[in-house]
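What follows is one structure encoded as structure tokens, with my remarks underneath.
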Amino acid sequence: MKVKRTETGFLLVLDLGDEIIASLKRLAESERIGLASVTGIGAVRDAVLGYIDVDQKKYLKRQFDSESMELVSLMGNLARLDGEPVAHCHVVLGDREMRTFGGHLFEATASVTVELFVRVFEGEVSRQFDPDFGVNRIQL
Amino acid sequence: MKVKRTETGFLLVLDLGDEIIASLKRLAESERIGLASVTGIGAVRDAVLGYIDVDQKKYLKRQFDSESMELVSLMGNLARLDGEPVAHCHVVLGDREMRTFGGHLFEATASVTVELFVRVFEGEVSRQFDPDFGVNRIQL
Amino acid sequence: MKVKRTETGFLLVLDLGDEIIASLKRLAESERIGLASVTGIGAVRDAVLGYIDVDQKKYLKRQFDSESMELVSLMGNLARLDGEPVAHCHVVLGDREMRTFGGHLFEATASVTVELFVRVFEGEVSRQFDPDFGVNRIQL
């Protein structure tokens, strides 16, 4: 991945084969990011999306492994869980008929490029696992 | 809802049962926000989305009341209408098959959590009802 | 189009009939923007979306010319290609049943309004055509 520092954060451009969540964690680790918002677009393959099932208290997953898909939108944030960086991102993917699919992003790999803007904020925001819902909830 | 002030605005985290549009209006009211951009993700229930019918000059509405849906993306802004705060947001929702639905957000309630970044700008931007289209249009 | 300058960029409000990509290029040209992120919502007609076919190394296109569609999300960036401004945007569109379609934005015209936030960064980022993928890739 390539990184350009901006006045308020970073422009992150993934290389072919870079996985998005791992790349964001790596940036958060090396730049000691405690809170940030993330937006971006690109094209990806091998995406795994999730839907939180409130009754089962866990994510249902769906793998999209056919071919490259447009990363129509990525929106999310970086925070901390037990002191470690954690990326919480949701994405919309588009196929060759321009149909869309979306959900919680578990993983997706750049098939062409991924262009992300990371807006860093001062301070640190922590998440904590909430067993009632099966998610890592922001603590303010 | 819980609010964390950032250098340029707010991180807004909704509690279970908080309605999004009402929460944004409440923040805009208490913080005297005249212009802001909003982005966010989460999971919601009881969403009502809209599509503006240009011929009928009104919004067609569709209610999604079955179960929790991923808030795949929320994008919009805060401005003023007759001096009162008004939130204009569009959302993409995702179901358990990762299918997506989208449109103008009339209302949606946090079913797990909703995490919003509000970027406040100086000054105030006003909307005015445009009878030719049935929408509240930004006046610049 | 109407433009309001903010602390960090611009609020761009398109008039009926303004095309999005052309409007962004015009702003980038007149304001000498070398790098910016863009987000926005609205309603559009005559949209042309694209999907990059990695094997064919070119975009497949689909035209949506029926009627006005919600611009559910626009996300992207402004950079330079051979010194000229270039807008790279992805969009989600919504129809009257709240179904969504998405992909790379080639063009779309405001059918009611389009409200865009342009966040300008210092410096300039260049794109270069990558014949291996048929896209203009960011060079960092």
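Structure notes:
To keep things simple, chains are lettered A, B and C as they appear, and every chain counts its residues starting from 1.
Following the convention adopted for this analysis, a residue touches a chain if its C-beta (ideal position, glycine included) is under 8 Å from a C-beta of that chain, and two chains touch if they have at least 3 such contacts.
Small disclaimer: the values here were computed from a predicted structure and weren't measured.
Among the remaining chains, those touching chain A and also chain C are B. Because chain A and chain B share one sequence, their contact can be compared position by position; here under half of the interface residue numbers appear on both sides. Rounded to a whole number, the gap between the C-alpha centres of chain A and chain B is 22 angstrom.
Looking at chain B, one finds that residues 8, 39, 73, 75, 92, 100 touch two or more other chains.
Listed in rising order, the residues of chain A touching chain C in the complex are 2-4, 6-8, 11, 13, 39-41, 43, 67-68, 70-75, 92, 94-100, 111-113, 115, 117. Per the touch definition, chain B reaches chain C in the complex via residues 8, 35, 37, 39, 49, 51-54, 60, 62, 73, 75-77, 88-92, 100-104, 119, 121-123, 125, 133, 135, 137-138, 140.
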